[in-house]
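Below you will find the structure I want to go over with you.
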């Protein structure tokens, strides 16, 4: 191991001329992790599995117990974590949480060390990512946005896709770290473009899912067998992920939420949230998004009509006749 | 050849107990073809290439010349064709044309022989297909709807996809014939389900194309490189045919209309027409199709604003800022 | 009475030079009425109140009893009515009913007398009205479309609005008759334009109602008192019938369905039907109707989600959070 | 005049127990005005006409000349104005401008005197109004949002509608001041509700205008005369401000932009901006606004397609066939 470290060090010192080299010198130095919810918890666990010491915190102490039992060191607040780790990953629900955790009174930037790599995997407004990057830079730290795709299932299996935005030089360091939690780590461009890519993907996903649900419903009403219709769509130009990998019609496919009463998966509330971010971005850049806008409204309606906790493919059920009609 | 015919005959007489057997006895008997437009012409040519004698007609004599030069026999009207062929394919622009060609004063049904197989590859309202099937049955003929997918390109290359509806027993006979013009011949169910499958596919295609155009436009406005964004979408859940096979953004892909100023391909007017059929079907079956409905309106708007002759992927251009703004 | 008749006759013979004059000679000759449903029944009653002898029929004998008790003569089928009356009003649910009643085996046109005035007050596809007009003309009769607005309430109070299409010369005769059932009788143009006006009005009404519901809901969520918001809208450019005469928010206005749990009024199913007609017309004339199309989809969705029997202003309730969320 | 002042003072001292009384003691004390654009300039002029001394500033010195010639005192920045006036009106394009003018380095709050009444007539996000109110309160000043409706025309004629949010006690003072610039001054509720009312009205207005344009277009395609159709709509349940006061179809009405090639009026860009604010508010409060959302997208599209400078009723032209098709 020592020989490996020395060789790696030499290679790294050559390869990374930036302040990151000191960070990467011993790649298994502690990694900070802030936000141990449905996604953060399995992500942090995968870091532990890969041999990274983890120093973590969460506003809810109960969320920390499991990780503590697995060997993570639990501290009281983000600032404490920043004091002890020079690579930190954050996984938080929304912009206000990110602003608080980075810029708040007990936030990361209160105690962050120069050269620290900050990777925010929350899905938030790209302009907030840019703000955090500017604030981090003032403290000599490096901020990257790296929102994920794949949901809790992929988080558990370390098969997430990370869409990373930030200074390109830092990407390799980020990739090494994120690679223990994901199967795809993609560089997207400057800070904010990771969020942009995530938001764009989810807008197109929502459009494809609602489109698939409407199409399957129409086809069934016109006398087509659902499985046959799906087969035809999937061999034709109508093909999309929602029809060939996550079909919303019960009975067409196994192992997807439609086969399990729409339990699990990616919730309607989360999709509505992401579509809200897409809408905000579109409004701010004066971009017309007619279908994207309507998709957002449809998921917003579903939240209000009892579908908040169901997988987003339940839009098929939402469009169908209620029982007894 | 004679030996082949005899063996085939024996096999067919065993295999096809229906009236179709007499039709299939010598599989290269003349095939009627009515409608020699952009699609019908190359389709009829492929029949000729496969050794089928073709007896054809079209309301425009000029459309018949090319086929005549290639050896087809040109007659004056559909009734004349029906008198000479016991397998007839029709390829017409819309429902009124189909009704005229089948049920009009000089229509097919005026002289159709018992047991004739009628295959309509026009894209029309499924309820009209069902009407024609009923009318044909009264004359002892068999009607199937078999609309196509793939456009002029696929028509030329005999790579069309046929979606066939009708009596299942007749499918094999239809498949044999259509196989000389297409790469996929799919049985969809009773009469009308071929139209249903086609209409459904094109509705989902339109939704996917507009969704892709909006998404690519938003991503570009948020600082993403188009090629990179397409790459990310195509490895993620946003993936669809429009993003990975027919991307609407110039420069992302070669060999597609966006790389050629949106020339060729599948015109906006045709897409608007198909979406109108989808909307009619949805209205008639009381099916909510929010995105499908809006997609129809968007393509209808594009027709009015100068995009009628462009490929349907020009929606990307339609959503972008006009030059000089 | 005889003196009155003679004076009227003289005046009418001067005023009406068309074949209608013989019809109008004695203005209280029997009027046929076919279709005694929710609307037809009160309409026929108002004819009786105005002293017109009524000869009626309906597919459901039970619907005829009330009118019979009030003095109407009930016959077996439309043809019978046509044999006895030279002015006939029809009030039927949809196009197929109209086609059956006029053109069916026992239909009006089987026995209609030359010069008969046929007024169809059903709300149907304008192209069907035109078909009926052509068929009627072949039998020497005159057909006008005169769909109504105002609902059951206005029907009872003889305060309907009739939108009349047909030959202008016949309008005065129609107006006299319809004036006993309505407060407004408007000439719209050739046959079919009455339907067009009705369909257009209801499309704009639906858009206004959904718009008002969304606006009121948003305002309430932003802290505005509903009554105050309505007051502001109604003194400003947001003003519309749905906000100032039929507000969908409980507590804002009395005497409207929102004050009575959305009972009565103009049902969601009926609105969805009219919007389907508007959509068909738009598709057939290649007219982009983005909001109209979406309004249609929204009402179609509401039908599937339990709102079919409620007044169309219940869209406000549909957009709100369900209880317990 | 002195007697009038004394009587007013006595009355005011009785009527206004709040700190405002000192402000209102001599009602013609100088009024600050920040933002002298298309709207601000005529508004400030009307204040001058009513005898209020005006102390003004604007980032563009050229905008100040006209007012200076009319007797206003021009100062260098908002802070200077705050130092000299205890009633200040701001009229700025958007949230960032408001934040700068109030909270910036040379902003109002740098020098504002205790008890100052701050009235912001910009149309911005209600949450920003609330922020400014909190910041103002810290400095002992009172902030009210009072966005306007009516456009440049109404601004010139002092016929604006003000929708006011803030502490109810201060409303009378605000009303007195605003009354010199408007015909309607309406109290809406706490801070932010003025913006809410404005945003809601304009969302419903946009929906009504697009709905009217679609409806008129459809009716014309179905053979109806535009003037007659408008007349029918306006006597029926389809009636709305856009159809009866600002009809978008050329030839239907005089004295409106449609009669003048859509010049003047309320620009498409401004409407798109307001609809963006409505969308933001809806997203933030999780309110489904399907038609409102689509209306926003339509106006956003129009901005990109050459309609940015035209009156918002030009949507009718946008939906019609381009010349030469």
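First chain written, first letter: the chains are A, B, C and D, and each begins at residue 1.
Here, contacts are C-beta pairs under 8 Å (C-beta built on N, C-alpha and C of every residue); 3 or more make two chains touch, one makes a residue touch a chain.
Chain-to-protein mapping (UniProt): A, B, C, D = 3-hydroxyisobutyrate dehydrogenase.
Quick caveat, the model's predicted, so the values are computed rather than measured.
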Repeat of interface C-D, chosen from A-C, A-B or B-C - more than half of residue-number contact pairs shared: A-B
Interface with more contacting C-beta pairs, comparing A-B to A-D: A-B
Distance from the mean Cα position of chain D to that of chain A, given in whole angstrom: 41
Computed distance of Cα centres, chain D from chain B, in Å: 55
Overlap residues in chain D, where contacts from two or more other chains coincide: 286-290, 294, 298, 301, 304, 319
Residue ranges of chain A touching chain B (in the complex, touch as defined): 126, 149, 161, 163, 184, 186, 188-190, 192-193, 196-197, 199-205, 207-208, 210-212, 214-219, 221-225, 228-229, 231-233, 235-243, 245-246, 278, 281-282, 285-292, 294-295, 298, 319
Residues of chain C that touch chain B when the two form their complex: 272, 276, 279-280, 283, 286-290, 293-294, 296-298, 300-301, 303-304
Of all residues in chain D, those that touch chain B in their complex: 294, 301, 304-306, 308, 319-322, 325
